[in-house]
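Structures follow.
In what follows, chain A forms one complex with chain B and a second complex with chain C.
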Partner chain A sequence: MTFDEKYFDIGRLDRLSYRDTFVHRLDPRAKVIATMLFLFTVISFPKYEVIALAPFFLYPVLMMTIGEIPVRFMIRKIIVVSPFAVFIGIFNPLLDTRTVAVIFGVSLSAGWISFLSILMKFALTISAALLLIATTSFPGVCHALRRLGLPALFVSQLLFLYRYLFVLMEEAMRIIRAREMRSFGSRGAGMKMFVRLLGILFLRTVDRAERIYYAMLSRGFQGDIPTLKRSHIALSDLLFLSVVITCLGVFRFFPLTEGIGRLAQELF
Partner chain B sequence: MHMADALLSPAVGMTLWAGTSAVGGYASKKLKERIDDRMIPLMGVLGAFIFAAQMINFTIPGTGSSGHLGGGMILAILLGPHAAFLVMASVLTVQALFFADGGLLALGCNIWNLGVYPCYLVYPLIYKTWVGESKNPGRILVASLVSGVTALQLGAFSVVMETLMSGKSELSFSAFVLMMQPIHLAIGIVEGFVTAGVINYVRSARPEILESIAVARPLGAEVSLKKVMMTFAVLVIITGGALSWFASTHPDGLEWSIEKVTGKGELREAERGIARMLRRIQEKTAFLPDYGFKPEGNDSKKTEAAAAWPGIKAGTSVSGIVGAVVVLGMIVLIGIGVRSSRNRDA
Partner chain C sequence: MSHHIVEFKDVFFRYPDGTEALKGVNFRITHGESVGIVGANGAGKSTLLQHINGYLLPTSGTINVGDLILTGKTRREIRKKVGIVFQNPDDQLFMPTVFDDVAFGPLNLGMDEESVRERVQKALGMVNSLDLQDKPPHHLSSGQKSAVAIAAVMAMEPDILAMDEPAANLDPRSRRSVITLLKTFKHSKIIASHDLDLILDVCQRCIVIGGGVVVADGPAAEILSNQMFLEENNLELPLSFQGRP
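And then the complex of A and B:
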């Protein structure tokens, strides 16, 4: 990905959170708690579990469709970050070669099952995390974390980082464009030039921080970033949370998939 | 080298989260004691700086592959350990949320691997003791190189340990270490050069900036060596204890990896000791059922798992596969249904 693509990619995820759907209207705290519970439940499955993971796809699919998040965009984002998990996981089929089943003459090793399990967990956890941002907005998540007890200093740090992320990325984009205009081929792409660019970016950053600080002082900054938006837990939030918790519990502790499979077998 | 949720077991994830939150709480407390208000926007904007800098690629000399900056060392040198740790934690949080780099449960591991080591271990023990108040560029370069390499080696080794403890991967300890450490040696060297380059450049171009940051940074940043060592000893004991306790309730991965390790390598003695210790702890805690909240129905499966590979009975596995297909199909249908009803409304 080039720099410009990365920049617009972040911007796009951010803009998705401006929509106004049922999922977007839920209280950020409810969504943060639901996401964490979801992640924890998915991760708690043992290494060879594949089948019981299937029902969990309901959560991202519902969040995505009700929240009107484009599916293809999410899938692309998931694939972009997959290399590490795939790279580590692909060793499982190579190292764990005990045969557990023979399907149509092809023997299936235990390693493939654990690899599949890793891939499914990967897709579930990553999509849940991305959907949290896409349906809540970053400041929403930050204020939720503040209300849930994270130190104020850290939360204001996150908010500042988010606020100036786009500003500084534009600054970096200008610097990179200037470099590309003046250099041909791979000239100027080396480490020496990189260090210079970083140095300049750093100096501009510090100068900007100084200006921000004075601007904030003149507006009455006292070390904390208060929010004007009053959020309160509504009935729909409690309903959402209780449905999520019930479903997670059922999916985790009851062999739902096998039951449905048995039912389907009896029917046909 | 970001740790991923999918490779993590809940026990390891939560332990590292606990460790990271403890360090984060300590850092915020230390910062709040003596903070200059001016530091707050500076920290935030520097976080954005690291983020933007990570998106600029450069070619690594001689290889043609491209690298980017980690940033932990630069921040620690400029801001001192406490502020640097918080900035690093916030950068990793934003990465986890926006790029899904790693994931939210693995975030604890990632902050630990990339934040705690450079800020609280390498900076005070290596960089600070070597460079101190010196302005000698050569000295800064050497110290940055050593610090960069050390921090990344520690981080990479932690990724290995976290993955193996979680037991989701089949990789053997030695193979994994041999894969991770050399790659991160190269990355660490690059990181060291970049760190030294930026520090030296800023020092020569606008020396007053470094001084003004140094003045603004809290006095609490003067970490004493003894204190750091003590804190780490305590943390190691706590995390070690927690990890082994958790690991013993979920033994497959850990025991397996230790078994592999004891086959060969210099770590033989040490790992044997740990293995023995863990086994003893495990024997003592054997009355704890796996996970503690497993339904009765799965117990038989679990005991079989101990003997051989979890013997899925033919009947259950067929209905399982059929069920998975049906469930996934239903979920897709639900998704399509919601979407089309939405479209009709709009």
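And then the complex of A and C:
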């Protein structure tokens, strides 16, 4: 993947949030709260839990279907960040070699189970977070956080991060292109040059920050970024929240997968 | 109405690194005038513009904007009177959506929700960009960004409009629409630019800056047709005067 492709990929996540579906229309606050609860519930499971995590995939799958988010795009996004989770969990099978089950003559150690559990939790939490942004838009999430009581300073930082991420990437892209154009296939003088390029990028950023601050002052900035209220909690939001909370509670405290399995055994 | 004036009296400015950018600038712009400021690179145009709304304070001399003398205390008031449009719209559009950005100024003026919405609609309507309001600035074209940047300033309803290269980086058609737009504004306008044809089109008066002082001040048509003088100041005749064979 080249730098350009990566850049336009981020733009795509952003563009997904312009759609108009039931999920997109929900109040951002409802979605933020639902996502947070979802994350905490998933994380709260003990480290050898695999089976009870399975029903939780219902949430991302439903959000994705109703929100018309392309599945392959989400899976690609999850794979891109998966090395972090893999590195965290990869040593578990080596360190935790206690055998817990023997399946077809292959002994399964507890380490593999906890590794699998980590991967599942990772896939669940990342997809929930990505879906929140893909269905709410980043500014939407920020305004929701502000109205849920997060300090103004943090929210302003997040908003600036979002706004200037794209500008900064374009700036970096210009520098990288200029280097590639004159390095004729070699790596452009290597590490030393790279460090210098970073320095230039930093200086340009500082300059830009100053110009932006000037622009803000020119329009009466006094330390807080004021915003207008634009959404109201509707009945559908409360409904959505209560369904999510009920499901999370049931999935967390009742062994649902086991129940379904027993039921199936009895039937056949 | 005499209070929409901008007056520079013996304004000197030295940057912290010792560079003398302004060395005694004098001019007076009265209500409703549109004035072009031209000069070579590094002549002091941007520095001068940054003085008009008090981002920089003069080292010595006085600046009078709408009957207020510019000091550290009055600059907040002065910023309400003077709207500045920057050369690079990316520096100016700092909010995540166009609507938020145009609403930023009016909200800071402490207006209530209803009137903020009205102002935003009016300002975006003025630059024909109403359909852009929910878009994030990074998905706009350069022409759209410039239009929105102008709307963001107009939403504050300033008495005086100052612009730094309003048509730089624009394709000919977008440039033309910016020029048409500028002509419809009845404000006092101060436009710093290298685009001499734009100045000729929009401004009746022209101030030439060179080496930190005013080297010429008079009717734009007269100054911008004086080839000898323009070339002495690293400028040239506007293209419309050049007459191709």
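Here, the second predicted complex is superposed on the first by the 262 of 268 C-alpha atoms of A that agree within 3 Å, B and C clash if a C-alpha of one lies under 4 Å from a C-alpha of the other, contacts with A are read in each partner's own complex, and residues count from 1 in each chain.
Keep this in mind: a residue touches a chain if its C-beta (ideal position, glycine included) is under 8 Å from a C-beta of that chain, and two chains touch if they have at least 3 such contacts.
Remember, it's a predicted structure, so these values are computed and weren't measured experimentally.
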First (chain B), second (chain C), both or neither touched by A:246: neither
Which of chain B and chain C A:205 touches, first, second, both or neither: first
Which of chain B and chain C A:133 touches, first, second, both or neither: first
Which superposed partner A:54 touches (first chain B, second chain C, both, neither): first
Superposition-derived comparison: chain B or chain C, residues of chain A touched: B
Partner chain(s) touched by A:220 [first = chain B, second = chain C, both, neither]: second
Which superposed partner A:260 touches (first chain B, second chain C, both, neither): first
Which of chain B and chain C A:163 touches, first, second, both or neither: both
Common interface residues of chain A - those touching chain B in one complex and chain C in the other: 14, 138, 159-160, 162-164, 167, 208, 212, 216-217, 221-222
Chain B residues within the chain A interface of the complex: 1-2, 4-10, 13, 24-25, 28, 31-32, 35, 37-38, 40-49, 51-53, 55-61, 69, 86-87, 89-91, 93-94, 96-101, 103-105, 163, 167-172, 175, 190, 193-194, 197-198, 201-202, 205-206, 209, 213, 252-253, 291, 293-295, 297, 305, 309-310, 312, 316-328, 331-332, 334-335, 338-339, 342
Footprint of chain A on chain C - complex, ascending: 50, 53, 55, 76, 79-80, 83-84, 86, 88, 90-92, 94-97, 100, 103-105, 107-109, 113, 116-117, 134, 136-139, 152-153, 156
Partner chain B, residues of chain A touching it in the complex: 3, 6-7, 10, 13-14, 35-36, 39-40, 43-44, 46-48, 50-51, 54-55, 57-58, 61-62, 64-66, 68, 77-78, 80-81, 84-85, 88-89, 91-92, 94-96, 98, 100-101, 110-111, 114, 117-119, 121-122, 125-126, 128-130, 132-133, 138, 141, 151, 153-154, 156-165, 167-169, 171-172, 175-176, 186, 189-199, 201-203, 205-206, 208-210, 212-213, 216-217, 221-223, 253-262, 264-265
Contact footprint of chain C on chain A as seen in their complex: 11, 14-15, 18, 138-139, 142, 159-160, 162-164, 166-167, 208, 211-212, 214-222, 225-229
